[in-house]
Amino acid sequence: MATVAESTSSVSAKSADKTWAKPSNLENEPRAFKAPSKYRSSLLNGVSKEGPPSLSSKKFKLRYNSPSGLQDAFDVSYAYLRDKSQELYNKIESSNENKTQLEIEAQINNPEVRFNFAYNDKLENDPQYIDYEQPVYRELLKQDWESKDQMLLMQRLEQLHAIPDTLPTFEPKVPVSLKFLNHTTVNRWIEPGTVLSSNVTAYPPSIKIQELEQVDTKTQLYTVLIVNPDVADIANNTYKTQISWGLSNVKLEYNDNFITPRRLLEDDGSINELIDYLPPVPEKNLPTQRFVVWVFRQPAPINVKLTERDFNIREFVKVNSLNAVGAHMWRSTWDLNVSKVRELYGLPKGTVFHKVRGEKRMK
Amino acid sequence: MSFLSSTRALGLFKGLSLGPVIQVRTATKKVAGSKTSMKDSAGRRLGAKAAENEPVKTGQILMRQRGTRFYPGENASIGKDHTIYATEPGYVRFYLDPFHPNRKFIGVALSPELRLPTPHFEPRVRRLGYVPIEDEAKASFEEQNLKRKDHLLRPTILKELQERAAKRQAIVEQYKEQLKTIVPELSDNELSIAAERLSNVKNHLKNGVTLPDAQATVTSIHLQDLKLQNKKGAISPEEYETSNSNYLSLIKKVDSSVSFDNKYQLTKFLTPEARQGKLDELEAQLQSLTEGKGKDSKKQLSKVLDMSTLITPAEKKLLHAKYVKPLLPLNHGLAKSVTKRWNYEKKRVEPLA
Amino acid sequence: MLTFPIKSQIATLSRAVNGSTNTKYLISSLPLQFARGKRTKRTVTVSAGTQRIITQLSVISARKKVPRVLKLSNEDLIRHDTVQRAWTLFQREKRQQQDEQLSKQYDSIINALEDLKAVAPELYAVANKKEKGKRFPLEARIPVDYPPNKIWYYDVAKDESK
Amino acid sequence: MRLTVGGARFFSSTRAAAGKAGCNTVAPVHHTVKIDKNRLSPRFPGLQHSKLDIRHPGYKPTSTYQDRVAEYYSNSVQSDLLLINAQHGESRQPGYKRREWDGSSPFHLNRSLRKPKGSDAETPDIKPHSAANVPKIEAIHINCYVEQAKDNVNHAISALVQLQQITGVKPKPIYSKTNVLHWRVRAGYQMGASVVLKGRPMHQFIATLTEVVFPRIRMFKGVSNKSGDTLGDIQFGLRPDDVKFFPEIEQNQDNWSKTYGFHVNVVTSAQTDAEARTLLSAYGIPFYGSEKGVKPENVEY
Amino acid sequence: MYQPLKRCLATVASPSAEGSAVNAIKAALLLTRQPIVTPDLTELEKAYFNYQEELERRLMWTFPHYYYFKKGSLSERRFIKAQKGPVSNQPNILFEKGEPDVVHNRERRLKQEVRIPKEEYEESSMSDISRPVVPNSRITDADRANDITSLERALPRTLHLLVNENNKGWKLPSFALAQGTTLHRAAESGLRELGGDDIHTWTVARSPAAVLKYEHGKLVAPDANSDKLEREFIIKSHILAGAFKPQNLEYAWLTKEEVEERVSKDYFEATEFLFSRV
């Protein structure tokens, strides 16, 4: 039972003026802190009689019932959170400590920011709505990523033994997504660990690396390595690791971070291709091959060119003191397209293997 | 036996003739059970079947046991009676694993100098276990040998591929014709390269890729192909240089003079401003058509929208919603019997007006 | 469970009616009742005690009592989320204030006792002794929403012990 | 008619069914990311949210009114209890712990540790009092075992509904675990109901108990000072006649010609029973009898 | 209780080197009146509780009225009459906001509204116990008159007793320690000497809640140490009944904010955490 009987109250934040807190010295507020005008009114002032604009059909709009009591509760909560965030902005202005963290806290409760993030494409983001230049959106993406995709990635890396077969361990910090733009039928983001036809992987993948932490995007360089730890080493009766593709000195922006053919074409020579792309050409009857994409933050530019395919990734990482921040992987198995890919790349004809169970030991 | 119980017993046999009663003297002492102590089975020959560091083959039994006194370690497995056997040829190791402090393991090290367990963060040591088929004929036979499912599917796939290639060829031809009118100065060779390129770009566009991205992807693939041809010696370095630069100049010319309409046909290149102008024209036309009311005007409106090759599907949807969409009556899509409606304000039934 | 006897009767009847053998005999000898199309009224009455248990079971069962699933629109979901976040923040602040005050009080108690120990060990011995059987007074009340008719009792029966 | 739920339960074991040995080895992982498999499963998207999220089908709002009992505790009781319990120069008092064998016999080597001196079970250490461990009521367990239910399961159902009516929380039925020949009880009989109260329902129950029920029980002395499990939990019982004073029962007397008594266990975070009693007295629960080590006439108010 | 006390007092009574220090000890009393009604709700709490309650009504199971009201009884008829039944779905009628889905007299798409039938009362039965409950106001006469000496003021808040002795400034009442007494006894008896015996209090604990240190009558930091310090040990106590009726002494029952207005800044800083926020 609500107990205040006598005090007559008025809701402090009337629905008319709803603007979130901002620093006093702010010139122009980022566009991404405002919800699209189509939804803004119903988000801040409540769903009108016509129904919520987020529903497409008129029928469902008419049938929609907003929960009662939400209007008042939202108004008061909005005012409360806004005051708190104004306090945080005042704190930022008075001291420069922990600035990014305070900025995040000041915006993370803003319903418009949360709306923009929840209902727009997070991967192919439109900076109008999701602007990863703003730390709050990076924080939201981090939470979203950790709630699912990061777990999925680590599960696959562990189950498919990408760790420790390539690198010993890995602390994921940066979401990496993969797409094969050359292929017009498999034109989707690849889930880590998918088995792809050699036809799809005939040309290099396009890699999206979304930095989440506060780094200097002007100077921070990244290395991308694609390694295949499942190449047959017949002489030693074992497997060896080869490098399929390598890029270094890649610069990434928070909003423009998709390494596509277009970007590589238009590049002014700053990106160093460590070694050109060798597509997956698995041998007949050998087990599925894994292709692990590793993304590193590099402390200094790397301008070497690799001549050998055989590759010791652990040594390379150690020599260049690289810091693994992101990963992805796909798998590839022999199919009828392999011969075509071999022909395209001028590779020799594939070897056909058969399994020997017997006594032949590893050398 | 009491009287009561005996009568009850008699009741069970109601209807049967009673024979002479035979007295049975039951045992008053329990019979002493005899203990069989000679029931030992023969030994089950349990125990280790291979010693530490002993070379073993695949499938060789390392340990017979009851229950899991030992657990299978690296390159070893366990059978249904808990027998541990080798899954790879190598050298037997009895070892402890810090991750399972209460277990003892039997594993197989793949080479004599290796210790088990393999350090946690080191790469796994793996044996290939496959050898190449040396005999050419056998190898090619094996290569052609597909899984049953793939084998059965192959003819349909091939057929479909052929059909697709034919379709593609047709589009290329079509584009060639269209290109001839739009960019007449192209040579035959250039024409076919440009048409090929445009058909590839079209495929990407259909997937929702933006035009510059699609063009860049197609360009990169073409250049990559040229590079590969040069690398494998199909074309000489000079040829490579010339065709590379030729292609780049060609696409500059084509991309600046050709664009796609909404049905993926080639049209003359439209600058964004020109396109906007045409769109405005279209909207003005639609506006003028809406002024004349009636069924015919709606029909005309949708016809104009359908005929326009300029607008994207999204724009078409918007314009349709703006100009063509009829204001549906309340009873649209309802059964004919529905003649009344509920008035929520007045809380009563009203005729459907 | 209750309808079982009725159902079984109906089932027997319908089997008898539709069965191929001895149909004539059965139809002529039984009062004809068709299982389908005819509304049968429940004839079996349950005892009052059983009926009470049935009602009680229906009270705790979800059958016919569950409302439609609540589906919020995108806007309302964010609005609800905002309310929830404000509430969490509000509660957290309240708790922090309370914890802060308590720890200050604790420090002050320990400080006072330490001081007392240094100054007057005899007083300290009494003050720091654990009181066994400590009880809150019977007059302590959990506050209610509205005050009683007599707010405060001014007449105190003489406390003999003091 | 009674359905027996007891008996062995079988779990399917695909490994055993496949004729494979039951040997499971968990491979250690090479990273520190915690993986929640439920989140990765594409099934039941609604259930991937927490129950506190409005999108979960089981969402139930809890804070629907001001919790006056919680307010009373944090505004008045907590700081008083802090002052009552705080002591200068306190140290951690070790509880009863299992002891090492003296090693006089070689068989001591693998023998499990000796039981504690003066107790059968280990007891936790008593930590110094501080602002962080002021005692509070954590939960109330109500357990209603109905003896008559062995003959007629309806009693158990009624007891369940009665608890639901009193507490507003859905109770769980309790089943007898074993055959007790002496009581003519078989394993699997539904014998009553139990409910665990936390948060608002718990506070509601305490307030009803102390403000409505206890004052009306005739000859009510209070809860015994001897009650308690030495770990800071206080137990007491209510007889069937006492239960009739709960307003939910009293207002609906037609339905409650027969009521069922129950046991109440108040779980507190106090470290000793004496402190738990001090805490409960703040809510108006009276105690009778002599507190251990204190004569009642010497208690100073 | 008296026996051990006497024994320990005997040692105090004996002359000692610290006699002067004991004389410098005083017992102060923090006497509080606990809240009588629940705290006032903030705007946020009010709106949130209301919203949650509405949500609960939307999500709750249908109220099983057939369990509470016997079938065919008068009370059942009155209950059903009081309900505003939902509109049920009817064929051939258009419901734009969705077809009603009514089960057990409840619209499943909306919140459940259970109305309790209003009792009818006759004037004559107003003295009866069955008369309608009209809650008393949370604001009392003392509130309106702003009578700070009244215990009936500010019912949702904790009130603390402060005195202003000889206009030296508002502070907690403090009492000199007689020879052979303890802190809490000194505080209680001092209170009665000052304000009469018509008061019923409960001492929270024998241990002091805080110590205030004075040097030459000025408040110093709690960790100060010197031979000339005067100490006031604050004992916490609740008033349960009766009243504080001193003669010729200004006193007040104050909430924390009012205390802050009246006492000196130093004093409030040293004692701020002792006063209840609510």
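Read from first to last, the chains carry the letters A, B, C, D and E; within each, the first residue is number 1.
Convention: contacts are C-beta pairs under 8 Å (C-beta built on N, C-alpha and C of every residue); 3 or more make two chains touch, one makes a residue touch a chain.
Since the model is a prediction, treat every value here as computed from it, not as a measurement.
Among all the other chains, which ones are in touch with both subunit B and subunit C?
Chains touching both subunit B and subunit C: A, D, E.
Are the chains other than subunit C still all joined, and if not, how do they split up?
In the absence of subunit C, as far as touching goes, the chains form one piece.
If you average the CA coordinates per chain, which chain's centre is most distant from that of subunit B?
Taking each chain's C-alpha mean as its centre, the farthest from subunit B is E.
Between chain pairs A-E and A-B, which one is joined by a greater number of C-beta pairs in contact?
Of A-E and A-B, it is A-B that has more C-beta pairs in contact.
Could you put a whole-Å number on the gap between the CA centroids of subunit C and subunit D?
15
Quick check: how many Å separate the C-alpha centres of subunit D and subunit E?
30
Please work out the Cα centroid separation of subunit A and subunit C, and write it as a whole number of Å.
45
Where in subunit A do residues touch two or more of the other chains?
Residues 1-3, 5, 67, 70, 73, 76-77, 80, 164, 168-169.
Spell out, as numbers or ranges, the residues of subunit C touching 2 or more other chains.
In subunit C, 56, 59, 70, 72, 77, 80, 83, 86-87, 90, 98, 101, 105, 109, 113, 128, 131, 134, 136-137, 140-141, 143-146 touch at least two other chains.
By the touch rule stated above, which residues of subunit E touch at least two different other chains?
Those would be 34-35, 37-39, 41, 44-45, 48-49, 51-53, 55, 58-59, 67, 96-97, 109, 135, 137-138, 202, 205, 207, 209, 277.
Spell out all pairs of chains that touch, sorted by label.
Here the touching pairs of chains are A-B, A-C, A-D, A-E, B-D, B-E, C-D, C-E, D-E.
What residues on subunit A touch subunit B, complex-wise?
Subunit A reaches subunit B through residues 161, 164-166, 168-169, 181-182, 184, 187, 203, 229, 232-234, 237-239, 260-262, 264-266, 284-286, 336, 344-346, 350-363.
Hey, which residues of subunit C end up touching subunit A in the complex?
70, 72-83, 85-87, 89-90, 145-146
In the complex formed with subunit B, which residues of subunit E make contact?
Against subunit B, the touching part of subunit E is residues 87, 91-97.
Per the contact definition, I'd like the list of subunit B residues that touch subunit A in the complex.
Its residues touching subunit A are 55, 57-59, 89-90, 110-111, 120-133, 139-140, 142-143, 146, 150, 154, 203-204, 206-207, 209, 212-213, 216-217, 219-221, 223-225, 228, 231-234.
If you look only at subunit D, which of its residues touch subunit C in the complex?
So the residues of subunit D in touch with subunit C come to 54-55, 57, 59, 63, 68-69, 71-72, 74, 77-80, 82-84, 86-89, 130-132, 134, 154, 157-158, 160-161, 164, 170, 207, 210-211, 225, 255, 274, 277-278, 281-284, 286-287, 291-294, 296, 299-301.
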